[in-house]
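Please go over the structures that come below.
In what follows, chain A forms one complex with chain B and a second complex with chain C.
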Partner chain A sequence: MSVAAAEAPPAAAALPAPRWGRLALTGLVALLCAAPFLLVLVISFGEKVEGGSWTWGLTLANYERFFLGHDWPNALSLVYPQRLWFSVWYAALGAAFALALAFPCAWAITRRSRRTQAAWLAFILASLSLSEVFVVMGWDVLLSRNSGLPAWLKALGVTDMLKDGGWFPLLIEWDLANPRDLKFKTSGFATLLAMTYIVFPYAVILLYPPLSRLDPSLAEAARTMGARPWKVMRTVVLPAVRLPLIGSALLLFVYLLGAYVAVTVFTPPEKQTLTVTIYDAVRGQTLDAPFGAAQSVVLLATAGLCLWAAARAGVRR
Partner chain B sequence: MGALSLSGVSKSWGAVTAVSDLSLDFPEGQLTALLGPSGCGKTTLLRMIAGLEAPSRGRVLLDGADITDRPAHVRRFGMVFQSFALFPHLSVAENVAYALAIAGMARRDRLAKAEALLALVQLDGYGDRRIGQLSGGQRQRVAIARALAQEPSVFLLDEPMSALDAKLREEMQVELRLLQQKLRVTTIVVTHDQREAMTMADRIVVMNRGEIEQVGPPQEVYDRPATAFVAGFIGKANILHGEARGGAVAAHGALFHPERPAAFRDGSPVTLACRPEAVRLGRAAREGANQLAARVSFVRDVGPTREIFLDAGPATLTAELGAGEREPFSVGEPVFAELPPAALRLFPRAA
Partner chain C sequence: MSDFRFTRRGLLRTGAAATAVAAIGAPALAQSRSLKVGSYGGYFENSFKQHVYPAFTAATGIEVESVTQPNGPDWLVTMQQAAMAGQVPADVSLYGRETILKASRIGGLLKPLDVSAIPAAGALDPYFVFEDATGVVGVGAMSWFVSMVVNPDEVTAPESWAEFWNSEVYASSLGVARNYSSNFLDVIAATFLGGPEALNSRDGIVAAVEKAAELKPNVALWWSAESQMEQAMKNGDVIGGTYYHDVAGLMAADGFPIASIFPKEGNPQNYGSWCLAEGSEKQAEAQAFMDFSSQPETQALMSRMIGTAPLLDREKTDLTEAEFAAVSGAPAIRPAFEAYLEHETFMKETWEAMLASS
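This part shows the complex of A and B:
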């Protein structure tokens, strides 16, 4: 501690402190938010060194490999754009399903007494504590062929009914059966089921505030003007919560873009998403950090692009 | 079209009774005000009429037909809500045309009709505005136009003025009354403001604790309140508690004779009410009864009138004098307050 600081009058020393504190906080936040992203961005232009390391560089090779393939210009491969497409596809569907299920639930909760509402919200908040790993483990058991849903359906005779009814070719095409049995695991269905389940509580929690704030006399006014319940929902309630609905959809979508465990466990290898290949590149088999970083940047840019497009669409109307 | 009647209507939630066994006719084309303190069941009654709430017992009849089980969207009574309940995602014209859109009217026709309705409530040219761009008074006009668009057989308003400031409220009361008289639509207004009820209504229904206290034209309800509650709720009233004695009422050491002898058994508890503007003040006791010795405790000039607050032992009285009247009474002065026989209203009181 310097003599000058020790001698400074306490009041003068106290005044600038908040400013420094604020600056330090800003710096910390910037460091925590921006630094990892900048590091990934920089690495994505770097070069792989055999044996699992990388060096600084300024090459676009990683991005070229992502969009055009390893062997470009001799051959074009769209494996990674396809992975990106699966990421977006699963995340969008998962978010949409979760919202479609959560909306009537949140709506029904807001119609209950305050006590009941509080109990439901507490229950749903508690279910948020289940991590992706827990959820996936649970569904893994539920969907497994020997002890889960397929076994029950077989015991109940549903499997035979579906077979006799000629549904099996279609189910096989959808990855939901092999020629002998129903099987739900490693299918798009299982992936979407797990993803929907993971974000469903978030969807309810996100939709509850705007729905409970909605003036109940809006719906009543519509009813006195001749609108049936479904029409009230379509012409009054949904438009009134359109912005929160879009916001929730985006949040869930971006969250699901990063889903990893559900994809590794439930998705057939040829339909897996970018998160899996990123992990493989950074930590897994290929050990190519710069290429993993490039994939991450593309995924992040896609998320940003979707947010931007939806925000514009939301504001325009 | 539009004669509404209620027969034995009750509404309760568990042990709480909001409206109990209420029968009432709403004559066609008239404006009826449901007046009462908050929690008296008037809004619940209006919601049952609209079909937004199902009565626990009793029937609702429209032109003789039982409509108790008809849902709100079939009754299609236009309703103006306390919050106005305008749809924020629609323009002013689209709000007004909502009922017409639901009914399947073509877009051009319904927007033309919305424009005509907006002209009716003096908002011509506002059709393209957003709801957020309107003032409170304009929102109310939009809500009224919207409720009238479907040409309802019964027009309902739930505390329609409560979101407006005092000056605008008075203007809108007159305007709404004129509009109702022009359209001759059966109208029911819920309000807790007796001035509002008296300004607009053909008939006032005074409610208290889920029951009707009195039904009648405004002036009659004011001049001849049927119960002590009505006397206290409509306008101001001096209330004295006493007991019957030989056709008169003994209260606070004085004897009060009504115009006609009261038919109470001697000794039974009686409440006595007298309007402040009927109270006469003098410096000396006059001949006859109906006088109470008092002391001036406070004087208040409120524009056209002067209110003199009086202490008479345990009782307090208010006398309202025209500002032009001479005799400036000052605080602390001993006076005699005379409650003229014609101005006295007597009510039985639970012992």
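This part shows the complex of A and C:
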């Protein structure tokens, strides 16, 4: 506490911000961040006009519909909590897979020469320019029956092998085949694949700085003392980058919570996420902005809760 | 090239000239009649700009300014906000029947029309002229069918929608529209429940949705964008389902394995109407446009150039049988549009729960 207090004045002196400047900045942040959120919050208490649009109001019906169903207390429906669960599930798995793949990549890049590192980073930065739409379009073709993976697997004889081996009923149950062919869309598999692919470059970019700052002599010292590579990774490298790793995971997780295109294209409806139903409520046939807003507020609260819990867990250890 | 240079003096001179021209041109512009007409963007809007609006301008002297509008009720939100701001983005908009019903319920969005100024609308089937408590507010523009499609290389054409429920042929093989209001419930009601009227009660809705649940194992793709289904048929990801009749015909003409079929129960027919915005000051021009659009020649023109079904009998137009079959067919299922609004939340939630269950 005393250290922080001692450090604070020089920092403030170094950047003398006039009072009106700070006020303007606060106002700008409030306008850009708080105002839209407040609007969504207020709309979420609005009332739906059946067969029409909606009006301002002060009802909790939208939240009740989210957690208990539209017909509560006659019937309980958990459609929307289920959608929320899938939002969290895909985002968490997508972030975890992307980090698991990006870690060795970023690690390998930091071991290269300066010039090679720069080339790799430029390449990965360039791939960031691919939006979700492009990525999804690309995988849509790659997973298609006539032009993609199913066609190649058929040509290689894998499809017939699986058919002869009696695997097809199981694959159909897993959403990965129809009676004639293997099929990869729509499925949870295709969704996770696309999501992982979308955030993979972000994961590499996020992990590269901490990994490149890591002092190589630490790992070398552990090696010379007889630790095997995996043990060095587990006891030296991973603990050293634990905080950046958690931070990256949270960032990717929050980013993927908002994934929309990948879900609409690749996810079967029973596994779709809240983003789809939010859009549907606000811009779809029912013009039910209050219910869409209520769903958004719940999604936002969940994201905040996850961040808070993960941050606490990360700091405590 | 050297004398074509931007100099400050040159720019001033040009500016002065332009101002002078504008001053002379202004009264002439004010006198010319114009109309802002909305239509769904892309190919659809382009076809209107290329084929329909010029013919209208030639016939009446009224210029048309094309406005891109979405196909769905969210245009109502835009119009509502614009009305509050005191300006309309389009004088005439194109609305589906469900959207007009919704606009009519919301109120204050559509301006009643003087039917005597739209004589050609009298020849249309009365179903396509929409009247609410304030008067006639919508005149049919064109219609389209969402029909049964199959891949003829993979399966023989079904005679009934009921065949789609056969898992031995169609397990994980169909593409069906995802939206609860895409009229698939009307298809189910027409096939199994005696007609779309069955959807007017909660029990009927539940029965139809339960029937849809039985189809789930056969649906590989619940499509939300038209292009998704197009790609899925082209790529062989699905071998049948629901899709637009006219686009299926165009795809087949391009050599893709797709056939649009009218099974014995028929296909749902939806239609778009021209509606005048409440704040518009162009009522006379709008009515002239609606009259032009209702004429048999214009209906035939739209069928040929845009692929929409005419709103009057083929005999009243000069369409050949082949031209007519490319855009229309029989029987037509007329969806239970009122039910979609009367039981809006119930229907949507029952449908969503069906989709969410595995």
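One rule holds in what follows: the second predicted complex is superposed on the first by the 292 of 317 C-alpha atoms of A that agree within 3 Å, B and C clash if a C-alpha of one lies under 4 Å from a C-alpha of the other, contacts with A are read in each partner's own complex, and residues count from 1 in each chain.
Basically, a residue touches a chain if its C-beta (ideal position, glycine included) is under 8 Å from a C-beta of that chain, and two chains touch if they have at least 3 such contacts.
Just so it is clear, the model here is predicted, and its values are computed rather than measured.
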| item | value |
| --- | --- |
| Chain C versus chain B on the shared chain A, clash or fit after superposition | fit |
| Which of chain B and chain C A:220 touches, first, second, both or neither | first |
| Larger contact residue set on chain A - chain B or chain C | C |
| Which of chain B and chain C A:50 touches, first, second, both or neither | second |
| Chain B versus chain C as contact partner of A:231, first or second or both or neither | first |
| Which of chain B and chain C A:183 touches, first, second, both or neither | second |
| Partner chain(s) touched by A:242 [first = chain B, second = chain C, both, neither] | first |
| Shortest span in Å between Cα atoms of chain B and of chain C, once chain A is used as the common reference | 45 |
| Residues on chain A engaged by chain C in the complex (per definition of touch) | 48-53, 65, 69-71, 77, 79, 82-83, 140-141, 144-148, 172, 175, 177-181, 183, 185-186, 264-265, 268-272, 277, 280, 283-288 |
| Contacting residues of chain A [partner chain B, same complex] | 215, 217-218, 220-228, 231, 235-236, 239-240, 242 |
| Chain A-facing residues of chain B, complex | 50-52, 71-79, 81-83, 85, 87-90, 98-99, 102-103, 146-147, 149-150, 156 |
| Chain A partner contacts - residues on chain C that touch it in the complex | 72-74, 76-77, 80, 98, 101-102, 105-106, 154, 168, 171-173, 178-181, 220-222, 224-225, 228, 231, 234-237, 340-342, 344-346, 348-349, 352-353, 355-358 |
